Amino acid sequence: MIAAAWLCLLAPLAGALAITFGGQRLSRRAAGWLSTASVFVAFGGAVVAFFAMVGRDTAAQRSELSTPFTWLSAGTFHVGMSILVDPVSIVMMLVVSGVGGLIVLYSIGYMEGEDEERRYFAYMAFFVFAMLLLVEGGNLLLLLAGWGLVGLASYLLIGFYHQRPEAVAAAKKAFIMNAIGDATMALGFFLLIAKTGTLSYGASFAAAPHLSSTTVNLVALGLLGGAVAKSAQLPLQTWLPDAMEGPTPVSALIHAATMVTAGVYLIVRTHPIFEQAHHVEDLAAGLGAATLVIAGLIALVQNDIKRVIAYSTMSQIGYMFLGAGLGAYANAMFHLVTHAFFKALLFLAAGVIIHHLAGEQDIRQMGGLKKFMPKTWLVFLVGSLSLVGVPPFSGFWSKDAIVATALARGGIYGWILFVAALFGALLTGIYTFRLFFRVFYGEPSALVLEHAGAAHGDHGHGTESATGHSEHAHGEAPQTMALPVAILAVLSTVGGLLQVAGAWHPFGRWIAQTGAPLVEPTTSQDWIVSVITVAIGLTGSWVAWAIYRTGRLAVPSAPGLQRLFEHKFYFDELYDAVVSRPAQLVASRLRTDFEGPYVEGSLVEIGHAGGDAGGLVARLQTGRLRVYAFAIAASLVVLGIVFLAVR
Amino acid sequence: MMGPSVPWYLFVAGALFGIGTLGVLLRRSPLIVLLSLEIMLNGSNLALVTFSRHFGTVDGQVFAIAVMAVAASEVCVGLGLIVAVARKKLALDVDLFSELRG
Amino acid sequence: MLTTALIVVPFAAALFLWLFPLPREYASAFAILASLVEVGLWIGGAIRFDFSGGLQFSARHNWFSDLGVSYHVGFYGFSLWLAGLTVVVCACSIGYGVWAGREHPRAYFGLMLFLTGSVVGVFASQDLLLFYAFFEAMLIPLYVLVGVWGGPNRVRATVMFVIYTMVGSLLMLASIVAFGISQHTFSLVDSGTSGNNWIFLGFALAFAVKAPLFPFHGWIRQAYTEASPEVAAVLSGVVSKAAVFGFIMIVLPHFPGPVHDFRTTILVLAAIGLAYGSVLAFRQPDIRGVIAYSSLGQMSLIILGVFASSSLGIDGAVLQSVTHGLVSAAMFLLAGMVERQWGTGEFARLGGAAKGRPVLTTMLLVAGMFTLAVPGSANFAGEFLILAGVFPLGWGYAAVGAVAMVLAAMYTLRVLSAVLHDRKSDAPDVSSADLRFGQLALVVPLVACLLALSVWPNAVSGHSFSRTPNLAIFQYVHAGPFQTGQVHMAGK
Amino acid sequence: MIASVGNVLVWMVWLGAAAACLGSGIAVVTLTNPFYSALGLIGNLASLAVLYLLASAEFVAAAQVLVYAGAVMVMFLFVIAYLGGRADAPWAGGSTLFRVAAVVAGGALLVETLVALLWKSSRLSHSASVGPSFGSPAEIGRSFLTDHLLAFEVTSIVLLVAAIGGVVLGINPSSDEERAT
Amino acid sequence: MIGASIPTPHVDWLALAPSLALLAASGIALLGAVLVPAWIRHAFAATVTGAGFVTAGVFAAVVDHRTPNAITLLTDSMSRDRWAALAQIMIAAVGVIAVLVAWGEKRRDHVGEYYALLAAAAGGMMFFVQAGNLMTLFLGLEWFSIALYVLTALDTNRKASLEAGLKYLIVGSFGSAILLFGSALTYGATGQLGFVAIGQTSHAHDPLYVVGLAMVLVGLAFKVSAAPFHMWTPDVYQGAPTPVTAFMSAATKIAAMVVTLRVLTTAFPEQHRLWTVAIAAIAIASLVVGNFAALVQKNVKRILAYSSVSHAGFMLIAIAANSALGARALLYYLIPYSASAIGAFAVVAARERELVADVTLDSLDGMGWERPFHGAAMWVFMLGAAGFPLTGGMLGKLYVFSAAYQRGWWWLVVIGVLATAVSLYYYLGIVVAMYMRPGRLRVAVAGGSPPSDPALSLAIGLAVAVTVGSFFFVSPLIALARHAASALPL
């Protein structure tokens, strides 16, 4: 099992290194296949490990830590280079390597003809390695290492189109936001080390109940900071929409399926600490709820196909946070898995559309695509239904469970969360189908018509890439792109059956081996919530249909709100005014008003003073002999008087 | 000891030394500066001789004689220099010898 | 014997170069050969080194006995690592000099080798006076190297640098005299402890200038930007570590009382320096300015670790010293390559370098990521250990460190995108040549060392100080991180 | 009685010599014409010789007159005559401040010397009794050949060196321009 | 008959041999000026003088070897001890180098006299360091001073040389007059001339005695060119012919320093409270004045002159320590100092001959690259003077500071250290001028490549060897110094 897990971890790294060192010797296509193969090898390892684990009996046996060497040590503090394979991490490994493999495969077609394909595939493989390190890491420090490296991979991939200033800026923003999260996590770890002397999961979790509540709350807060930053939750959410500047498969893999959900994994992984810190748990749930509502509201007015999906991602992760914060680890993880399926599907489908339209992403330029891309229409519909939570699609099963958990928590706070979750479901319905209808129905735009035949015209003017996809295949998509989309569509459809609320809980029990849920809804709660949620979701979908498909309802006019949403609640402007500008100002002022005149200037001044003193002494040296004699005589007088006086 | 006691002599010696010093400090002619130096040496000599008498040892007198020889040597070199300077047609004024300075 | 060889080989090679009129090619080859021999010697030593033992490879000869001064050299674990850093960085820098084709090759390479020898000597010294001799000897070649082969303002920079650091080290000489005379020996092994604050301050000031520690860093911007890149690499990567060595080898074991009294002051200065350097790095107009101030921040961080009074802090400080040395050298060399190609290091006239230059891009990105200490890197490991070590003395230090982590990300990414991405309108048109094999050979060893250390940072952090109490150079190395230093929150 | 008469006589001679000595010293320093200054110095030397005599230093007195007043001063006068009018130099110069400072310093040195010499000088008032041969050429000569042999010899070396120096400086330098003339 | 009645004192000829050897050399050189044909005169005089220096050095070494315990000779007139012998060896070495420096000087007249006076001056110094009473002290001082006055003014067709000579003569005579009067006062206070005898007489708090001490101190401080008695130094060093300056800067310093410590410790041991503080004050003044004044100089000889003032300050610190360690420190310090001083002036001489002009910082432009050997050597000398490692200058400073600290005067150490820091600016300024100013207008090199001057190169090489060697072989040198210092009552 462990060997397979190591294979799983190292295969993508080997792929990345091979592509890097291969350089020009490797053809572009070979790089793509190498990358894909390495990720699928990782998936194979994960599968082998999974079945090995299933073969074992008890929860204790199913959790195994492997430490080949000490990664870092100082004094009595040791951190092993260890991986932990247990029911939670194996789920993540499967998702990461599986979905990852599909998306890398998809990329071969999508990135066809890109200028720097090799770089892209190396980055992708590197990302998968980093993500696997994150989930397999056998202690908090390695988790943090993976945490940072996925941030790095994210930076590299968002900024892949480095000739576009927006892409570079977005990459920087993502990295810095994540660095903030890394920093708060590190702070939490420092406190943990100071109090417990260790960062290993076992020892620190065992020590958690014995820590003072201040300590444990602070540690949990630090962890939550990391989770929030990585998962683009309030208040560190602003980087995710910008990250859509990256290639679409990147958005699918990193910013939908895997990396952004790492925050949820973190909470689940460190649940013994969070469980000691109730306020932080509630905070996590509250942030999740707030994010899911706000992201949903913003998604209503976005016109970029990827950004709409990105906000929906934020919103869905909000659900997961809600669940994880409430202690429903299995439900959160379940939603994580299904979300990986259907969100990756949506992104990839969007990618197909963008690919088809030579890089166009604005939904106002689309319309009527159903006629030209029926297969895409179908998978997009599957994804949308799953997202909205319509049974039997996977999203239904997982989202309902979370909403039900909120209800089960009870109390005023539980009700607030519950209402927020329901409101979010409504919004999901609206924005999902707004997108769906705007893209696939209505009159085809000029652009769509231009690309309809697909055999002619040059497509070199897309926004996504300067070089464009000049020779993409006819029809909807090449095989390498179609296959992953199809698989994901299937998974989105049936993936929810891993767990059927109130009836069938293999997934819940599996996860419970690592973290038992704190709150479990009753079967009746489950069923009631299911009905309500589906109803609300369908209501939202109907509203979207009424407005955007049939025009029966007018687009509600509220310019103030519209502007608020379009400006994403003014978070960017706020951070710019409160953090960025003052920091730059302070830095500039320090440079010009302190460093220059005082720190460096003082040296210059001392030098000048020395020169002046020298000039003074030299002026006394008049060259006149009598002055010299006078100096001697006067000094003699002084010396004699002193001698006589002191004697 | 007949006549004035040692301090009287010493008064003269000290006064001569002081006068010589003033001469060196105030006069600009190198010749007169040399003469002033001679007066300083003579003051010292007088002190030496006086102390010699006071202690009843001839050391001081011997010293004084040696000093005379040294004074003669200094004058010899000094005058040689002054002549050399004069031959260069330079003004005999120590204040004007201030090209080397700073 | 090995230690002496490590010290003598570069000096002898330097002398050889100065005395015999070799043509450029032979001089270059000879210098590279000598520096590689040095690396080989070090590797041989590291293989035979017993990391659980105390002082090793030591040699001791009487130098002048009336003051108790001896030629006493040897390595502890941590100093062996610092020496390793030195030989590697110096070898790469000499290689850069070869590539750049410096004028007056014999003088140049001789000075570089001389510098190598004296830095290694610093790290091997077990006698205060010997330490001082090597410490000062470093300045001689640096002075010329900056002053002759530097940029347009080099004379000013070099005078500022040398005089400022000399003021510090001369005060240290006063302290050395005071300490040695009152101890009746200058041996670091035999001498006891002193409680004299003034003597302590003499040492501390010298190292504070050398490191540099805020606010004694006035020389760095000029020196780092005016020096030629390979010299700046040695200067910031290696020479500054002499201060770390001094703090660990001299100040901590021999001045426990003053260290205790001044700990808070130094920690606060270091924390300010960390934040200040990071903030200033953020607004520098050129690559090397950024690296300079980032070095200020990193060195402050290392000082923070040294004075954390825990083995976490000090092990982290050694690790960070090695990693910062490597990365800062790599960054300077890369900056030099960029400057040579574009003719400027100013952001306003750079940009778009990534296009068509995958190798340069990769190297800059990798080095940049080490600079900003991305989690998982060896630099991160060191930074983490240091901050975790200093945390019990006050969460404020760690908080500053955390802010600095974010700032590091900001300024490093600014450099990366300014060079690689944002193409400025008035950037000069240059040939789109990528790094060639020769250039790669200069930077890759540094980066490879960093990658290796990222896989196994414990090579340094866990092998710096002997855990055997009677071999440990100070007691709390053995005491572990939590038994020492009362945990008190700053502000309480 | 005779002793006291002799004493008075000695006193008078001493006072006269001392006054002449100081007066001529002041004259040397103050006179503008170097020639007169040199003459003043001769007077000074002569009156000093008288004081030496009174302090039982016959040989020194004789040497003073012969060597100093005779040989050295002749040299002086010769040079002054050689230089003629060019030997004249302004009395003093420089800023008033400097002159005042110089006078103050010189005066202070004078006072200080006198203080050193005369303060607590009571123990100097009783001099050792000396024999009649004290200060005689024989005794001086004996001292020169025994105790101070070295000093004696070195004195001659100093004179030799000075002589060489005087010659070197006095010789016409064989510079091109002078050869041409 | 008279000869029979006077018991001839025993004369220790060996003790006098160093001085006598040089006197002989001086005499032969002088005779050569008359007897030897003009074309070989220079070589003859130089060889004779060089041989004289070597002989004197050998004799001094023999004395050093054979005199484990100090002896005073001729009724305290002189002392035969290792203190003097070591100083004589150093002076002899300086003399040899000075002869080498002077070898290539294109001097048409006064050739014989030049070397004769050089030898005579050195002989005087050798006598001076052996002086055992106030009289020999004064005579020795005058002996070498008069020779130096003449040497300084030797270039009678150069105005600067004359000016320097006259200044040196007058101010020097003023200083020796003060020394003489101080000697008289000391004699008056004690009735003794011999240093040892003076030291053994009890005379606490006698005003005569303390003022005498003050005046002797001033006279000696003048000779070591310590501030504020230093003002002649820059002018004289600048004006004198450069080989003379080279000799003077090293040899005079050795002689005067060694004698100062001897006089103060043997003749004034009871008054050490007075003179140690006074010396410390003078040392501080020298450090301040020398270093700051040097900062603004342009003429290289002048810079070196002020540097010599500041070095006097460092050495006086060792004297102020009034201890065996201080004595050792002084002797040791003198070795690298002398080497680097004479070496630096030798390089200046080389440049001067090349340019036929005064050497200023500007005219050093690019010299480091044009004349690599001279440049590198100058570099070494500057490092030595500044107290960088791999030169004895660093250890000299270490010893000096150690002595001061052992005395309890840590503040003196701090001031010394700060002064060193200031001094870096001008020492390194010379290096800057030599190496780091390309693109400036270079002073035209007269006649293309410089005349080959192996003697000068040998001199510079020797100076480099001593400057650097004294760092590595400090132990034997300190052993010598320790033995020498044991001759003093410390």
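Going by the order they are written in, the chains are A, B, C, D and E; count residues from 1 in each one.
Please note the rule applied: a residue touches a chain if its C-beta (ideal position, glycine included) is under 8 Å from a C-beta of that chain, and two chains touch if they have at least 3 such contacts.
Given the structure is predicted, the values throughout are model-derived calculations rather than measurements.
Any chain that touches chain C and also touches chain E is listed here: A. Counting hops only between chains that touch, chain A reaches chain B in a minimum of 1.
Placing every chain at the mean of its C-alpha atoms, the farthest one from chain D is found to be A. By C-beta contact pairs, the most connected chain pair is B-D. Of all chains displayed, C has the C-alpha centre closest to the centre of the whole protein C-alpha set. Per-chain Cα centroids separate chain B from chain D by 6 Å. Centroids built from CA atoms put chain E at 78 Å from chain A. Once the centre of each chain is set as its mean CA position, chain B and chain E turn out to be 26 Å apart. In terms of their C-alpha centroids, the spacing between chain B and chain C amounts to 65 Å. In chain B, 10, 13, 17, 20-21, 24-26, 28, 30, 33-34, 47, 50, 54-55, 59, 62-63, 66, 70, 73-74, 77, 81-82, 84, 87, 94-95, 97, 99-102 are the positions where the chain touches two or more neighbouring chains simultaneously. Touching of two or more other chains is recorded for residues 163 of chain C.
Within chain E, residues 135, 139, 142, 146, 149-150, 153, 156-157, 165-167, 170, 174, 181, 185, 188, 207, 210-211, 234-235, 296-297, 425 each touch two or more of the remaining chains.
Every pair of chains in contact is given here: A-B, A-C, A-D, A-E, B-D, B-E, C-E, D-E.
Those residues of chain C that touch chain E in the shared complex are 18, 62-67, 104, 107, 129, 132-134, 136-137, 139-140, 143-144, 147-148, 154-155, 158-159, 162-163, 166-167, 170-171, 173-174, 176-178, 180-181, 198. Looking at the complex, you find that chain D touches chain E at residues 112-113, 115-117, 119-120, 124, 141-142, 145-151, 154-155, 157-158, 161-162, 164-165, 167-169, 171, 173-175.
For chain C in complex with chain A, the touching residues are 160, 163-164, 215, 217-219, 221-222, 276, 279-280, 282-284, 310-312, 314-316, 352, 354-355, 358-359, 362, 365, 369, 372, 374-377, 380-381, 384-385, 387-389, 391-392, 395, 398-399, 402-403, 405-406, 408-410, 413-414, 417, 420-423, 455-458, 461-462, 477, 479-482, 487. Interface residues of chain E, counted against chain A in their complex, comprise 166-167, 170-171, 174-175, 178, 205, 207, 210-211, 213-215, 217-218, 222, 228-229, 231-232, 234-235, 273-274, 278, 288-289, 292-297, 422, 425.
Partner chain B is touched in their complex by these residues of chain E: 134-135, 138-139, 142, 146, 149-150, 153, 156-157, 159-160, 162-167, 169-170, 173-174, 176-177, 180-181, 183-185, 187-188, 191-193, 234-235, 238-239, 296-297, 302.
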